[in-house]
Structure formats: structure tokens, C-alpha cells
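Both complexes below contain subunit A, partnered by subunit B and then by subunit C.
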Partner chain A sequence: MFIKDFSAISPQLTFSEEFVNGDYKIHVNNTYTVFEPSYAETIPSALLRRMGKAVRMGIGAALPLIKRNEKLDGIVIGTANGGLENCINFLNQIIDYEEGTLTPTHFVQSTPNALAGQIALMSSNTGYNVTHVNGALAFENALLDAMMFLEVRDKKSSLLLGAVEEISNYNYNIDQLAGRYKVAKVSNDKLIQTKSNGSVCGEGATMFVVSNDSANALAEIIDLKQLNFPKESDVKNKLDQFLSDNGLTYAAIDLLVLGTNGDIQFDCWYDTVKSFFPLSTDAIYYKNLIGEYRTSSAFAVYLATQLLKGELQNHPGIEGQLTKIPKTILIYNQFEGVQHSLILLKDVEL
Partner chain B sequence: MNREEVKNEFKAHLITYLNLLDITIEQIKDNEPLFEGDLGLDSIDSVELIVLLDREYGIKIKNPTEGRQILIDVDTIVDYIILNRTK
Partner chain C sequence: MHKVFVTGMGAISSIGSTIDEQLTALRQGQCGIKKARFFESRYAETLLFGEVPFSDEELLELNGVTNQNEFTRTTILALHAFKEAIGQAGIADLLKSDRTAFISSSTVGGMCYTDELYSDANLKGTPSNYVKAYEGSDHTVRITKMFEIGGIIDTINTACSSSANAIYLGARLIQSGRADRVIVGGSDSIAKYTVNGFNALMILSDRACKPFDENRNGLSLGEGAAYLVLESESACLNKPRIAELTGFGNSNDAFHPSTTSDTAIGPVLAMEYALKMTGLKPELIDYINAHGTGTINNDITETVALNTVFSKVPPYNSTKSYTGHTLAAAGSLEAIFALLSLRYNELYPSLRCETPIREQGSKPISAFSKKELQHVMSNSFGFGGNCTSLIFSKCS
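And now, the complex of A and B:
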């Protein structure tokens, strides 16, 4: 499956060229909020006023791709929580108004498939339309769905594939009490080295146009693997099998993109996986750019695509070891040791 | 509370409940149709309006025919609020 086009609204200035040109935004609070573009010229105000942040930034990231790639055969979105703030507002209304009359907007906007539905309505796309909500593997499930959709097509086909997650202040407070986030404030340029309990909360919308046609492709997604509740030995076995299935050795991977997030409880998974590879293998991190959220691996794919294009060399926000323009990239991400994924990408020239 | 005060309070609720971005109380005309005028409200907004009247003024509109006669413009709604509010 080939990536033909991509777009991201994130806690970095990825929607414009500034991030690629070397800009690195520093976040000093433990919520890394996105930099949203102005939607006034792209989303009608009558629609915009109802949209929650997840839907708004999802559409904001998707519309430029739809404009540049008109004939899309469908829309596949991954989101763990969808419109989380609207969902919590809706649930709070049930309590506040004693299960009385409830407003429809919070409910409509909180459903995870509100984004894919709204994109379809705005672009008059009547094709395949699916939203995956499998927690920290929501994007990976969407990716797998897109790969299978395109694999069985005889003719050239393309899909809008993406992921979105928003920060809800209310939910952040609950997760903070549960120990999911760090107590002390951590600047994102120090996050990866901060070995303490918890991580930081991020958000973002990442969109791709993917196709079974290699013409003008930016990168190729070769394969992905998902693991649930693995033991350490399971990860090694699955990784062995994964590389073997794709005719690769550990040494053939040019770059590891790791989801290390500064949480001492779970970063050991990344250290373990990294230790399987030769010391000379480049490895970089990405959650210092965007924080932790369940569909953050979509941003890792965005980052990998930029790197395969030859961008982001010597970028101040790229932490880790990056000595050359990679041709083969392996993304490894896990969420609290429970849901793990491997995504393999290659340069299209290979 | 006199009629003018009720009207301004209702317009403020209207802006909040319908999340009318960049619209001020002064810009909402008293006799402009809510559903065919500049505000461009739609059927989902009509449900939001019914909830607004229930929560803020204790008015329950259950009959659709009755609703169509009330939810015309700000003037008709304010008149109905003054006559029927329970809080």
C-alpha cells in the first residue's frame, strides 16, 4: 500500500511547512495541544459551530487531501475516543438534568464515526466508510482495513486513511488521578529522558491518501503486526517472524521509530526492542513532538514518510540517532504494555 | 425582569446553546426568522431551542404544531417565555 499524500494537525506546526523547515515547538505543560489552522475558509460556519475539536481538526487535516485527490474510494478512520469532550459533556448532562431532555449536538459530535461521516457528507463521498475504535490499536486496525481493501481491488483505488484524538480537560483530570500522567511539569524537549511514572497527554489529527498504485507515491507501507498483552518473549518472537515474513534481517532496518514517552513503567519495552537491533541501527523518538495518545502511531507514520522523503535531517525536534536518510523504517509503539504494534515502511524507490 | 431584559437574556442563551460563533446579541434581530434568516438555523437547532426553553425557563414544548408557532423569531419566543415561564 502506497502513501500518496498526507497532512497532520499536531502540537507542532505540521499543517504548514514550518515544522519541516526546522521549527520545534516547546510545550511546558503536560498537555500538548495542537496548533489549529483557521478553518473559516474551508468549513462552513454553520457546520463549524457544532464541531467538537476532534471532528474539527480531523476535517481540517482531511480537506486539503480531498481537494488534491478527488476520486477517493472510501474513508477509513481510527480513533480510540472520538469526540471525548462532547462525550463527557453529554454524560454530565444526563446527571445535571436528571435524565431529562438532552441536547443532540453533544451526542452527535461525540460518536467516533462523526468524523468519517462528516468528511463523507462534505466531500459527497458515498464509498466505503468505516471507523475503527480499538483503543491504542485503532489506527493500526484502520491501516489493516485499508490494506485489505486495496489488496483485493483489481483497478487503481485510493482511500482517505487517518486517525484523530483530542484532549479533554475533564478526562485528563481523571487520568491524572489514575497516575497516567506525570505529576511534575515536563518540557517536551526533556520528556524522553524523564524517567518517572506517567507520561504527558497529546492530541492530533493525521490523514493520508493511500493507494494500491505506486505512481507518485511518497512511501510504501509494507506490513503491520498487532500484539495484545504480550510477554517480552512474545515481542521477540513476533518481531523475528515479522521481519522474516518480509524477507528482512534486523540489520536491514535503517531506522527504528520508537514510541518512548518518558514513563518509567513502560519505556522498558522500547529499550528491549531496541536491544534486538545492531548498535549501529538509527533510532529516533516522536512523542516529544506530540505527547502520548492512543492513535499516536499515525503521527509516527507521518514522521516516517517525511524521513523517507529525505526531510527532517538535523531537525531540532528529532531526538535519538539519525545518521542518514533511511530507506527502510520500522515503527514500534505500545500503550501501557498492553497493545503493541509494528509498522514497516519503505522508500518507494526500493 | 422587563421584556427587553428577557429578550437580551434569551439572545445570550441562544448564542451559548447554539454556539453561534462571532455573533453578538446586537446582531440578532428581533423579528428575523430564525430558520430562514441570516442565522441559518436547522432542525437540530430547533431541538436545542426546545431544550433551552426547558432548562432556562421551565417551558416544555411537546406538541410539534405548537412548536412551529412559537419558534419563529426572537419576538414570538420572548412573548411565549413571558407568558409561560415557570422559573
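And now, the complex of A and C:
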């Protein structure tokens, strides 16, 4: 499956050229919020007012792709939580007004499939439409869905594939209660090295056009694999199998993109995976750019695509070791040791 | 491409806590939409619900679960139906295989505990036991952990078509050779969150819903969980097969966030895609389990869609007239009801349709009858324009 086009609204200036041109935004609070573009020219104001942040930035990232590309055959979105702000706003009304007469806007906007539905509506797309909400594998499930959709269709078929997650006070509160965030503030350029409990809260919308057609493609997604509740000893076997299924050795991977997030309780998983590869294998991190959120691996795919295009060499925001333009990239992400994923990308052979 | 067979079913709803109990209720025309006993809300006094007739504690006990702290009602319902499905298919020993996948769905997920979520999200009082249990995927993750399921895991939320899409995705895993068996379905419990949402949209009926009736005035909410076991041909060589999943279609109505279009483009396309996959002419569909919510909008749209796809509309009913709308569970629960019709060659009446919708000239099944069935269809349409249609066929 080939990536034909992409866009990202993130806590970096990825929606314009600034990020690619070397800009690196520093976040000093433990919520890394996105830089949103003006939507005035793309989203009608009456619609925009009603949209929650997840739907708004999802559409903001998706519409340029829809405009630039031929009619898409469907929309597949991954989001663990969808429009949480609207969700809890509606919940607060239920409790505060003791289940009185409420307006439905928050409710309708809060459902995780609201984004895929709204994109379909705005682009009159009556094609395939699915929303995956499987926690930290929601984007990976959407990716697999897209692969399975395209592999039984002709070469011209294409899909919008993406992921979105928003920060709200509420999800921050809930995850804070669950011990998922650091107590002390840490700026993002220090995040990866912070060895303390918890991480920081990020958000973003990342969109791709994927197709069977390699013409003018930016990258190829070769394969992916998920692991649930693995034992530490399982990981090596699964990785061996994944690489050999794809005819690759450890040394054939040019670059590892790791989801390390500064949480001392779980970063050991990344260290373990990295240790299986030769010392000379390049490895970089990405959560210093965007923070931690359930569908952050979509941003890792965005980053990998930029790297395969030859971008981001010597970028101040790229932490880790990057000695060359990679041709084969393996992304590894995990969430609290429960949900793990591997995504394999390659450059496009001309 | 590998064929996809149904080898197990499990379900719990307001009309029964096993498949057999629900079959009996369908045969006897027993409706589960009543005054709620356990749901705490001001609407429990004024509206009727298809409530599963057990408290959370009773459900936990029924399922031998002792670690109750983090199991929400959505999770317990899911666990209950999941166990029946894997039992019938005889796959309990195969769950740890990396060739066994699990695709579930939920709309409300752990948010069914609305009051706890309110306190936690607003940092009021001490944290509840559910701070790690609110996400839509929570029930999937807990069941995966409990049974150590080894293959691909997914959770879908396409509103009221969620578990129909879980079936679709599960079938694709088998067709493409990524799994030998997949447990597919969904779970939703009645929640203040959902009830108030549907109430705000003014689509809840003040009495038991009357799908496809001229005087219908909204839906009745229900709850439940339903799972099917799908297997590849080679995985189920030596066991009874309930049916083959021969067709499935997915589309978007692209019309409005919470209503369907007058032309029914989404529902029509979903049915047409499913039919195209089977290669069957429309007249070979013997029965349709309609989405049939009982709202003014859905039932007229669906009737238009049926008249567009079928020159002669096959017998159809809405089993939501028995269970209420079970949201994410509806797609798999109603697929199971359609499979019961197929298996026993029986048609169950749609309840409370006294005056059929006038302008489209068709009416749902009005009485129990026996009929030889070969191919049955089940429709699910949801908010966000999500439409899915499934076709099951008798095994040759």
C-alpha cells in the first residue's frame, strides 16, 4: 500500500512548511497542544462553530488531501476517544441540569465516528466508511483495514486514512488520576531523557491518502503487526517472525522510529527492542515533538514518510541517531506494555 | 479467497441471556421493552427500556467474575455473550493462537457509568475504580487479557452499525488469510449518557417502539451483547456450520450527522454492495432483518431503500420491536436473529406494527410462519451516515 499524500496538524508547525524547514517548537507545559491553521477558507463558519476540536482538526487536515486527490473510495479513521471535550460537556449538562432538556449538538459531535461521517458529508463520499477506536491500536487497526480494503480492489482505488486525538481538560484529568502524566513539568526537548513516572499529553490529526498505485507515491507501507499483553520474552520471537515474513534481517532496517515517552515504567520496552538491532542501526524518537496520545503512531508514519523523502536530516527536533537518508523504516510503539505495534515502511522504488 | 462460516453464537439481551432463551422469545412474540428495574435515571420513570433483567452484581456472579472493580456493565455483558459464542464453536482451547482474532465494538463503552465519569473528569471526590475503564475499547482489552487471545484485536465504533462492521472486518481477516477464526460482535449497556443524547435528539418513543408503523414516534433503547464466531473452511472442517457469510457491504449516506437521506443512498449502496459480493439476484433474498428503529426518519428511509433495491420486497421485520435498539450490539444481535430464522426456517413477526407505513405499500411480517429460507440479509444504519448490510446463506 502506497502513501500518495499526507498532512498533519500537530504540536509542531507541520501543516505549513515550517517544520520541514527546521522549525522546532518547545512546549513547557505537560500538555502539548496543536498549532491549528485558520479554517476560515475551508470550513463554513456555521459548521465550524459547532465542531469540537477533534472533528475540526481532523477535517482541517483531511480537506486539502481531498481537494488535491481524485475521488477517494472511502474514509478509514482511528481514534481512541474522538471528541472528548464535547462528550464531557454533554455529560456535565446531564448531571448539572439533572437530565433536563438538553441540546444534542455536544452528543452528536462527541461520537468517535463523527469525524469520518462529517468528512464523508463534506466531500459527498458515499464510499467505505469505518472508525476504529481500539485504544493505542486504533490507528494500526485503521491501517490494516485500509490494506484489506485495497488488496481486493483495482490499482486506481484509494482511501483517506487518518487518526485524530484531542486534549481536553477532562481526559487530562482522568489520565492524571490514572497516573499517566508526570507530576513535574518537563519541556519537550528534555522529555525522552526524563526518567520519571508518566509522560505528557499530546494531540493531533494526521491524514494520508493511500492507494495501490505506486505512481508518484511518497512511501510504501509494507506490513504491520500488533501484540497484546506480550511477555517481554515474546517480543523477540514476534519481531523475528515479522521481519522474516517480510524477507528482512535486523541489519536490513535502516532506521527505528521509537515511541519512547520518558515514562520510566514502560520505556524499557523500547530499549529492549532497540537492543535486538546492530549498534550501527539508526534510531530516533518522535514523542518529544508531539507528546503521548493513543493514536500517536500515525504521526510516526508521517515522520517516516518525510524521512523517506529525504527530509528532516539535521532537524533540531529529531532526537536520537540519524546518519543517513533511510530506505527501510520500522516504527515500534507501545502503550503501558499492553498494546504494541510494528509498522514497516520502505521508500518507493522507481 | 477463503470462505467464511459461522460456527458459534452467543447473546444476551432483554429477551434472554442465552441464544435458546431468545429463540423462545422470538417464537412466542415476547417483548423485552418494559419499565427498567436497574437503570437509575429520571427517564426510568417515564420511558420503557429493553433492559437485561439482571443487576451488575448478578451479572458478575453469573459469569464467575470476582474482580468486579473495573468491570463495567458493558464489559460484563460482553463477557457473558462471548463465553456462550466460544462455547458453541468449541474454540476455547484455540483462543491463545495468533490465528484467533477478536473484533468487538461499543458506543458507550465504560462511559456507561456516567456518574463516576462525571466525578473523575471533573476531579470531584476520590478517584473511582473506573479511571482506566472509560474508553470504548476497554471491554475488548479486558476480554483479550482474560482469555489471552493471541491474534489481531480491534474495536469499532460506527454508532448503530458498529457490530455489523465488526462482522465485516472479521470476515475480511479470514478471507485474506490473516486469521483462521474471529470472534466478532459488540456490547452496549443502557446509560444516562446515551438516553439523554437520544432524548435531546427527540427520537425516543414514550412507549414501546412501533417499527414500520404509520404512527411510530421514536425508538426504544435497549442493551445487550452479541458475538458470532467466524471460521475459515479449513478451520471448521469437522464441526457443525450454522451458515456461510456470503456478502457484506459498507457505505456512507453522506447526508446528515444524525438522519438518513430521502433517497436512501447509503442504505441502498450497502445492500447493493453486499448483493454484488454474493452474486445473487435480489429476488433470491428470502428474508431481511431490517434496521427498523421505529423513528420517523429511519423507517421511511429504509422502506424507500428496500423498494429501490428489490422489485418485490422480501419478508422483513424489525427485531428491535423485541429488544429495543441495542446500539453497538444491534448489528451482531440482529445478525444472530436472522441466523435463527435461517437455521429453523422460521419468520418471526415484527411487533406492534398496526398500521403499516402508507406511501411505500409494504408491511413487515405480521405473524409467525414457517418458510424454507436460503439467503437472509441483516441491515444496520447509524449516525454519521454509517450503513452496513450483511448476507448469510445456508451451507450447501
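Here is the rule we use: the second predicted complex is superposed on the first by the 348 of 350 C-alpha atoms of A that agree within 3 Å, B and C clash if a C-alpha of one lies under 4 Å from a C-alpha of the other, contacts with A are read in each partner's own complex, and residues count from 1 in each chain.
Just so we're on the same page, contacts are C-beta pairs under 8 Å (C-beta built on N, C-alpha and C of every residue); 3 or more make two chains touch, one makes a residue touch a chain.
On a predicted model such as this, the values are computed, not experimentally measured, just so you know.
Within the superposed three-chain model, A:A46 lies in touch with subunit B and out of touch with subunit C [touch as defined at top].
Within the superposed three-chain model, A:L102 lies in touch with subunit B and with subunit C [touch as defined at top].
Put subunit B and subunit C next to each other and count what each touches on subunit A; the higher total goes to C. In the superposition on chain A, contact of A:F242 is made with neither subunit B nor subunit C.
In the superposition on chain A, contact of A:Y24 is made with neither subunit B nor subunit C. By the touch criterion stated above, A:I94 is placed in contact with subunit C alone, subunit B being left untouched.
Subunit A residues in contact with subunit B (one complex) as well as with subunit C (other complex) are 101-104, 108. Residue ranges on subunit A touching subunit C, taken from their complex, read 74-75, 80-82, 87-88, 90-95, 98-99, 101-104, 107-108, 111-114, 116-118, 120-121, 123-135, 137-138, 141, 144-145, 148-149, 151-152, 169-171, 173-174, 177-178, 226, 228-229, 338-339. Considering their complex, residues 17-22, 40, 42, 44, 47-48, 50-51, 54-55, 60 of subunit B touch subunit A.
Residue ranges of subunit A in contact with subunit B, taken from their complex: 45-46, 48-50, 97, 100-105, 108. In the complex of the two chains, the subunit C residues touching subunit A come out as 1, 41-43, 107, 111, 114-115, 117-118, 120-123, 127, 131-132, 134-137, 140-141, 144-145, 148-149, 152-159, 165, 169, 172-173, 175-176, 178, 192-193, 196-197, 199-201, 250-258, 265-266, 269, 382-386.
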